[in-house]
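To start, the structure under review is shown below, and the notes come after it.
Chain nomenclature is as follows: A, B and C, assigned in order of appearance, with residue numbering initiated at 1 for each chain independently.
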Amino acid sequence: MINTLTLLKAIQAKKPLVHHITNWVTIYDCANIVRAIGALPVMTHAKEESAEMQAISSSLVLNIGTLTPELVESMILAIQKANELKHPIVFDAVGVGATKLRTNKALEIMNSVHVGIVKGNSSEIAKLAGSDVLTKGVEATEIKEDISVMAKKLAKKYDCTVVVTGAEDIIVSANETGFIVKNGHCLLEEFVGTGCMAASLIGCFAAVEEDYAIASAAALSCFGIAAELASKKATKPAAFKQELFDQIYSLNLADVQTLQKIEVLE
Amino acid sequence: MINTLTLLKAIQAKKPLVHHITNWVTIYDCANIVRAIGALPVMTHAKEESAEMQAISSSLVLNIGTLTPELVESMILAIQKANELKHPIVFDAVGVGATKLRTNKALEIMNSVHVGIVKGNSSEIAKLAGSDVLTKGVEATEIKEDISVMAKKLAKKYDCTVVVTGAEDIIVSANETGFIVKNGHCLLEEFVGTGCMAASLIGCFAAVEEDYAIASAAALSCFGIAAELASKKATKPAAFKQELFDQIYSLNLADVQTLQKIEVLE
Amino acid sequence: MINTLTLLKAIQAKKPLVHHITNWVTIYDCANIVRAIGALPVMTHAKEESAEMQAISSSLVLNIGTLTPELVESMILAIQKANELKHPIVFDAVGVGATKLRTNKALEIMNSVHVGIVKGNSSEIAKLAGSDVLTKGVEATEIKEDISVMAKKLAKKYDCTVVVTGAEDIIVSANETGFIVKNGHCLLEEFVGTGCMAASLIGCFAAVEEDYAIASAAALSCFGIAAELASKKATKPAAFKQELFDQIYSLNLADVQTLQKIEVLE
């Protein structure tokens, strides 16, 4: 169905430069996961170089985990250049629904420029789609609506691919088709930064695959497979995290073919 | 004496949101130690969301390790909201006594709003209490005064709980009672960030225990016990650090009951 | 030739405070590598304390990986104080040649104040020396010139020591003498931050050795030896990185004497 391995090889052959404007908490892990999969990260935040750095990059990953209004200005300059050059953009809507600043700035971004891939947990995506949910800091809270319905609504409204991460990841294109990725492991929930790292991997795959739903599904499946493999070697979060990076670094044909669990979204 | 295990269970049951405005060096470790103990971290710095994020949180942890005047503005907005809602506040006075900026901003915070728990190493606390000590960057230097006396003086003046970290941790309430925590391991001194992580853990315990001296003693005891357990599995700092996180994650009844070394301060 | 071990012991005896104004991606690793080798790190960015923190420090490490114009202002204040006090300065020219901001700010620093040690990868150094190379984000690209020639040109022009990191590290003094350091391991290329960490180690050695070429060669040799030793215990990047820190922490007489590979530059 999705030839993840071909995409993985394309990343390692092309070594795309994946430009991040991201948060200060997981910035190292985001950079390092990009390197582990075989691409090259660059992290900036000065608005004076946003557009120029994006111009020499292959994709853009935005994360508002520790946003300020100035950082969002820098993001918008990078997006405008990415839009002009048709570079893929991943927008990780961290903490939308927790404060007005996050919700308003996320909507400002989505309404003023075009973002190809919007990623969040269930309450972040529901909030962007118009629900009145309250996100608990950067953690998902229960929502009353069906998350697939909210994701489709958001994808259609903004003509983008929507990625909802969770125990199972839901990916929806603007045309309402999509995928469910069932790879993963519960230890991914036990330390900080896995959502951010997932967005960075999507940025790597989108640099080599024009269909953003396929790119997102391949990225999340690889991340989940690496987690499944890591869980066989480490049973606690810190040891597991180290192993996760090394499994991403070592992903091979056999593992990806045998373990991939991507289903078509009904 | 102190029922640390009950507090630990309360953290894991309530999963308090622990709001940090902290430094860029150890921000990841602070977030991750909160997750390891079973609470939820959120890290922000924009003044536009400080008060609102604090309003949905259960406690506030402030750390001036890489302060700017703007960051302190954001801290003060969060403290005002925390004071209004009676949320516990931990203020880690990193580097006070090294530069005028640090000393002046720390005193500005303590004089303009109420901070429930002030934490530092011996020279930071001595400086806040009026000594003319020079802190070596963010490292403690020898002080000429008795640190317990300085801690009591500071606690009384600002009506707060004072925590002095070191080989043995000293905790003093405004009423001059307190504890000495004798758990810990010398490897905690061999890598960066353990002081910051200790403050984050105090923020978790203070979210479930109104007596700040008890909350601080329980937090530091857990941290020290985890270090003692980690030292049995790893003998060098980097391996030890990974193990420390996994021991925090796995702290159990037997360990806490058997190993806890908290004494009443004379 | 170079008595690395004596310098290592001097660092551990003197515990110099190594002041960093650096990037947000690898700031933790830079601080921690300084601690691992036996010195003390302090990381700041507020311009209000730059000069004062530098005044109590023994050396200054600057890194423009995530620069802003404000951060460069803070750097210049710190450099002025370091120049006044004759403290060694290491300037890591991260991403010069990728954007105009990076190139212009690096030249602004080098033209307005005196930097004793300039470090970069081959394309960063070539760009500073006047080549029209394009750096790929923060990654070296191929240059058409001989890198030794470019390094000598730069060293002479700015009366400084130039360090070019790569599979073999090249170190050139203003008088055109220098060293090649042949220690190292290919796994250092497989994760983020090793260039930054190398600059931090140079900052430690320069705090105890006035000849910057010798200090740089000793630092890079120690880093490379630790990597060689780590590669015997770990074969994948994340596990290797942890081991690398613990090898730096444990470097001993026998290893440094037996394994050091420093040659005089022709």
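In this section, a residue touches a chain if its C-beta (ideal position, glycine included) is under 8 Å from a C-beta of that chain, and two chains touch if they have at least 3 such contacts.
These figures come from a predicted structure and were not determined experimentally.
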Category of the chain touch graph - line, ring, star, complete, other: complete
Superposing rotation of chain A relative to chain B, computed on C-alpha atoms, to nearest 5°: 120
Computed distance of Cα centres, chain C from chain B, in Å: 33
Where chain C touches two or more other chains, by residue: 24, 28, 242
Touching residues (chain side chain B, partner chain C) in the complex: 23-26, 28-29, 65-69, 95, 98-102, 134, 136-139, 190-193, 236-239, 242
Chain B to chain A touching residues, read off their complex: 17, 19, 24, 27-28, 31-32, 35-36, 40-46, 48-49, 52-53, 56-57, 242-246, 249-250
